[in-house]
Each structure stands twice: as structure tokens, then as C-alpha cells.
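Shared between the two complexes below is subunit A, which pairs with subunit B and subunit C, respectively.
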Partner chain A sequence: MKLLSLELLKLKKKTRSWLGPILVFWLIMIAYPLTIEVSSESMEIGFFSVLWISILLSMMFATEDIFTEDYNDGSLEQTLINETSFAYQVGAKVLIHWLLIGIPISILSFIFSLGTTGDMVLSFLILPFAIMSSYIFLNLFVLGNALSLNKGSVLGAIITLPLTLPILIVLGKSITAIQLDINYLGFIFLLLGSLSIIIVSVPLIVSYIIRAHLE
Partner chain B sequence: MIKKFIHQFASPKTYLFQVERAYKLILYFSIAVYIGSLIWGLLFTQEDFVQGNSYRIIYLHVPASFLSQSLYMSMAVASFVYLVWRVKLAAYLVISIAPIGAMTTFIALTSGSIWGIPTWGTWWQWDARITSTLILFIMYLGLISLHSSFSNYERADKLLSWLVIVGAINIPIIKKSVDWWSTLHQPASITLTNKPAIDPSMLYPLLGSIIGFFGIIISLVIISSKYQILLREKNKSWIKEYV
Partner chain C sequence: MNHSLVIADNLSYKINESKLFSSLSFQLNKGECLHIKGSNGSGKSTLIRIILGITNPSKGEIKTNIDEGICYLGHKNALKSYLSVEDNIMLMGLLKHEKLKKYLETLSLKKFLDIKVANLSYGQQKKLALLRIFMGNSNLIILDEPFVGLDLENQNILSAFLNNELIKEKGIIFTSHIDCDINAKTLKID
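Showing the complex of A and B:
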């Protein structure tokens, strides 16, 4: 708990780091209607694609400098020799990022979905998909940033984006299932299964990767 | 005894001297098998009832698709061996395979696109099999760029190995994509459990082309790994003996 509050304090102090991705998401969602003819029918056509890609991009920005500062000031090395497991600390870092960035973005997704489609049920169903996908994307980009530590976030994005594409495919298919009123629960369980594997494995892998960087 | 053999063969020096004798033989034999299978498949098999002559691209497309996934899996195995047992040769093999894997995936995608025009009426479709293969191609490029961005080889090897293992999740997705999603791409015609859904007159040259292509790619991997060993072990005294 102490670790979580410490991470929360660190992230809250860096306003740009948590507010920036939320604003990016907001701006993309506002920009979307400006690029097409404003009629509810045409708005709905590409809305969900834009929504998932906005979440993806926001999560990419959210993790841009997740380890950079700690790496540059040497505190990452100190964290490694700390008594608390490093994987646990990585997990806590990701969780705090998700709580401060992922959850607000998921709520905004619901609001934008309601505003665009006017369908309360559909918009409520979007919420679990947004919550889970944001956490999955966050974990994957943390992995990419750990791999490309001190080499810039572009490399991290290049190597991580292919891993996020299966999730985007599942998200796209789930929207089709919801709209056609066929079984969409399978997609929720699929994402939940992926998330549970990722939550456990990514912090462990990231801790090994960072060790490799600092050795 | 087996352990001793593995330890001996895992030494870059032993590997380099051993493969020197073998790879040319494999390469020449594989080229002959591949060309023979191509001639058999292109000139001596009948036209397909539905697809006409366009199906004959399978003698390139199928071996390339098969190898693109197999090479990635072999990279994942080598990465595991490197991370667990610190076998240097395994790390050399991982980075040696990556560009060849990218090349075979590119051939698979391109030949698939060419085949798509007469059969599907389009050269590209965002269906699960094709998209996941494109992801594999981007993965290969990402692996190469990750490795090349570090000047410290040991660090680059470790990071690359981790990424390869994580990225291996894409392989079952590619393999099963035709079963999990309704795709334009046909399901596998040759499986280990079922009778092949392809006529024997087309099947035998196809198997020959897969074996030939496999041998050519193995030879290319050996050549690429020889280069890696020479690059990394250049300061070792035995290199002079080899050169």
C-alpha cells in the first residue's frame, strides 16, 4: 500500500505525464467529427475505430517516460536493490498509471460513445472493453519502453505496436458482435484472459529487461 | 554423452568448423530439389478445376508461409536456450534468423497478394490470417531495429531474446486464425492429423518444394550465423586459424 501511495504521489506531481495523455485522447475524439460530414449516421461508422486507436495512442503517450526519469537520475538502480520485488514495483507503477490515466479515458469513452450513438446500452458495454484494453495497452507499452530504455520511445512503439494489433482486432470484432446482437461475452472473456496473463507476466519480464539494461 | 555433444556443438568454434563442411552440400542439394519440384509442379501437373493455372504459385507461397512461422518459433527456442543456459551460439542464431525470417514473410505476403488477384479479386484483404502475417513481418523488422540500436551486443542479445519470446504469442494466432475467425484465406490443406485436401499430383511437388525451400533457408541461416560469429568472435585466437 505504501508503494502504491508513493507511486501515486510521484505521478500526481508530474501533471504533464498523466494529464497529457487524457488531453490527447480528448482532442482526437473532438477532432473526429470535424473531419467528416456531421450527421449521426456517418459519425457512427468510424467512431469505434477512432475510439480504440485513440485509447491506444493515449496509452502510448502515457508510458513514454515511465522509466526514463528514474533511469537518468539513478533511482532505477536503487529500486532494483530494494527489498521489495522489482516486478511488484513495476506492477504498482502500471496500476497507478492505469488508475490515473486509463480509468478517466475509459469514462470519457463512455461519454463520447453516448454522445455519438445515443445508445445507453451500447455505451455501457463499451466501458468494460475500454477499461480492459487500456490496461492491456498500458502493460504492452511499458514492455516496449523497458526494451527501448534510453533509446527513445519511437523504438518502443515500433516493437510494441504489432503486439497490440490482435487486441485491436478483438475490439473491432466485439463491437460488431454487440451491434449485431450476437454473443459478445466471449470477447470480454478473451480480453479478461489476456489481461490476467499480461498483468502477471509483463511486470516479471520488464523487471528482467531492466536488470539486463543495468547490468 | 549427449550433454557433452551439445556442449561441444554449442561452442561457436565447433559450430563454425562443423557447418563449414555441411552447408554447401545442403544448399546445392536443396536448390536441386526445389528446382526439380518447381519444374514438376509448373509443367507436369494438371490445371486446377476452379483456379486454373493461378494455383501454381503455391510452390512458392506455401513453403514461404510455412518457413516464416517456423523460423520465428526456432528463434523463440534459441532465445529460451540463450536466456536459460547462456549459450552464446543461440543468441547468434536468433539475430541471424531475423532478417531471413523477414525475407520469407515478405515473400509469403507478396506471393499471397499476387495469388489473391485472380482468386479473390483483390490483392489485399484485412482478414485475420493476412493481417497476423503482416504483424509477423513488422515484428521481424522491429526485432532487427531493436538489436541494431544497441552497441553493447550482450545487452542487445538479452533484450532481443525477451522480445522474441513475448512475440511468439503471434504464432498460434496466425496458425489458428483461419479456424477462430471467418477469413477469406482458406484453412490448411495439409495437416498432421487429417488426410491432405489436395490432389496427390499437386501434393508431391508441393512437399518437394517445401523440403527444397527449407534446405535453402537453412543454408542461408548458416551463412548468416557464420557472419555473426566472425563479427562477434573476431578477437579470438581461433578465428585466425579458421580464416
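Showing the complex of A and C:
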């Protein structure tokens, strides 16, 4: 808990890092209806694609300097020699980023979905998908950032983007399933399964990669 | 190993094919201080990173016998520039430390508690980073150029502190190009 509260303190005080991705998401969602014919049917056609891509981009921005700052100021070295498991510390960092950025974006997804479709049930069903996909995307981009730690975040994003494609496909299919009123629970479990694997494996892999970078 | 905190046996390190240092062996016992000396680029910081376990040696073995973690301060101060001095002390986990008040006064940092670290001078930042060392509980202290940025008065405070820690049977390893009054044995790597 102490580790989480310290990570929260760091991110909370760095307004740009948590507010920036939320604003990017908000701006894309606001800009979307302005770019097409304003009729509710045409808006609904592409809304969910824009929603998932917005979440993806916001998570990419959220992880932009997740390790760079610690790497540059020497905090990563202190973390490494700390007695607490490094993978656990990486996991805590990702969790705090998700709580401060992923959760608000998921709630905004619900609001924008409701505003666009006017369908409360559909919008409510979007929520678990947004919550899980934001956490998955966050973990994947954290992995990319760890790989390109001292080479800039763009390279990390390029490396990671192909890994996000299967998740985007599942998200697309799940919306179709919800709209056609066929079984969508399978997709929720699929995302939940992926998330449970990613939650454990990414901090371990990232801690190994960062160790290699520092070496 | 009972009295030894660090035992280095035949350490070598090479970058690509060029050797930084080779066949380095030393031992640090409780209550002893080791001053690593060498010219720029001779591998002092690399040796420290090997002792810390961050870097693996190309050859040889290093054993450490420590109670809890290592008190370490490197070239970088590991401070968050966008946070206040007080927040940084909290991040170090020292906000409720019994000796905090004493060291804040000793290092003249008390009046800067609400100031952002970015607004402090390098010397003040260094003193803040040194709190980690002054209030650490580890029996092994490792410092990489700890006197850089400090004025003479604070250099003396640090030297006195380190000498006092040696009396408490702690082990100290440090690198420094600045002369200091610490009772240390020397390890030259060139």
C-alpha cells in the first residue's frame, strides 16, 4: 500500500502526465461528431471504432515517459537495489497509471457512448470492455517503453502497436455481438484471460528489460 | 565472510573487447572504508554498479553480506524535480524518521521544505539526496563522488558522518576526486 501511495503521489503531482491523456481522449471524442454528418445513425456507425482507437492513443500518451524520468534522475537505480521486488514496483506503477488515467477514460467512454447512441444498456456494457482494454493497452505500451527506454517513446509505440491489433479485433467483434444481441460474454472472458496473463507477465518482462538496459 | 561485507574475487569488466579493469580482488570488512581511485573512464562507477548488483562482471565473482539493502548515492541524485523537498523526503520513506529534524537542521534544509527541488541549487539538491545516506539503516554505504557540489562545510559534515559510521562497524565504499578526511584504504584502478 505504501508503494502504491508513493506512486500515486508522484503521478498526482505531475498533472501533465495524467491529465494530458484524458484530455487527448476527450478531444478526439468531441472532435469525432464535428467531422461527420450530424445524424445519430451515421455517428453510431463509426463511433465505437473511434472510441477504441482513442483509448489506445490515450494509453500510448499515458506511458510516454513512464520510465524515462526515473531513468534520467537515477530513481531506477535506487529502485533496483531496493529490497522490494522490482517487478512488483513496475506492477504498482502501471496500476496507479490505470487508476488515474484508465478509469476516468473508461467512465468518459460510458458517457460519450450514452451521448452518441442514447442506449443505456449498450453504454453500460461498454464499461467493462473499456476498463479491461485500457489496462491491457497500458501494459502493452509499458512493455514498448521499457524496450525503447533510452531511444524515445515513438520506437516503443511502433514496436507495441502490432500487439494491440488482436485486442482491437476482439473489441470490434464484441460490439457487433452486443448490437446483434448474441453472446458477448465470451469476449469479456477472452479479454479477462488476456488481462490476467498480461498483468502478471508484463511487470516481470519489463523488470528484466530495464535491468538489461541499466546494465 | 562473518566480518566481511564485500568480497571481490578476480573481477574483470570489458566493454566490447576493450578491458576496463581486470583481475581486481579486494575485501571490505565491517568498520572499514574503501576509497576507489582512478582516472576518468577507468571504471570506478562500473565497479560500484557491479558491487550494487546492477551490472554483471565479465569475469570473477562478488559476494556481499548485508543486513538490509544498500545505502547508495550515485552521480544522479534520484530526486523528483517537480516535487517539493518534503514530498521527496516522503518518497525516500524518511518523513517520519526520528533523525530527520536533526539532519534537516544540520544540512540547512529545513527552510526549503515547501520549495520545489527544481528551484534548489545543485549543492542543495545533493544535500537533500544525502539524507538517504544520513538516515539509512544498511551496514553498507556506497557513494559515487559524494563530495561533488558540496561546499567545504558540508564536505566536512559528510566526512564526519562517514567516520562516525565506521565506528558503528558499517562498511563504506566511495569514489572521489576531492580530497577528504576519511580513514580509508585505497583501491586504485587504472
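Please note the rule applied: the second predicted complex is superposed on the first by the 215 of 215 C-alpha atoms of A that agree within 3 Å, B and C clash if a C-alpha of one lies under 4 Å from a C-alpha of the other, contacts with A are read in each partner's own complex, and residues count from 1 in each chain.
In this text, a residue touches a chain if its C-beta (ideal position, glycine included) is under 8 Å from a C-beta of that chain, and two chains touch if they have at least 3 such contacts.
Worth saying up front: this structure is predicted, and the values here are computed from it rather than measured.
Superimposing the complexes on subunit A yields a three-chain arrangement in which subunit B and subunit C fit side by side.
For the combined arrangement built by superposing the two complexes, subunit A sits at the apex of an angle of 90 degrees to subunit B and subunit C, based on C-alpha centres and given in steps of 10. In the superposition on chain A, A:I175 contacts neither subunit B nor subunit C.
In the superposition on chain A, A:I81 contacts subunit C only, with no contact to subunit B. Shared-chain residue A:I210: touches no atom of subunit B or subunit C. Of the two partner chains placed by superposition, only subunit C is touched by A:L6; subunit B is not.
Judged by the touch definition given at the top, the superposed model places A:D73 against subunit C, while subunit B stays out of reach. Once both complexes are placed on a shared chain A, the shortest Cα to Cα gap between subunit B and subunit C comes to 7 Å. On subunit A, the surface touched by subunit B in one complex and the surface touched by subunit C in the other have residues 215 in common.
Within the complex, the subunit A residues that touch subunit C are 2, 6, 9-10, 13-14, 69, 72-75, 77-78, 80-83, 211, 214-215.
Residues 128, 131-132, 135-136, 138-139, 141-143, 145-146, 149-150, 155, 158-159, 162-163, 166-167, 169-170, 173, 181 of subunit B are the ones that touch subunit A when the two sit in their complex.
Contact residues on subunit C toward subunit A in their complex (touch as defined above): 52-56, 68-70, 72, 74-83, 87, 90-91, 93, 132. Within the complex, the subunit A residues that touch subunit B are 143, 147-148, 151, 155, 158-159, 161-163, 165-166, 169, 173, 205, 208-209, 212-213, 215.
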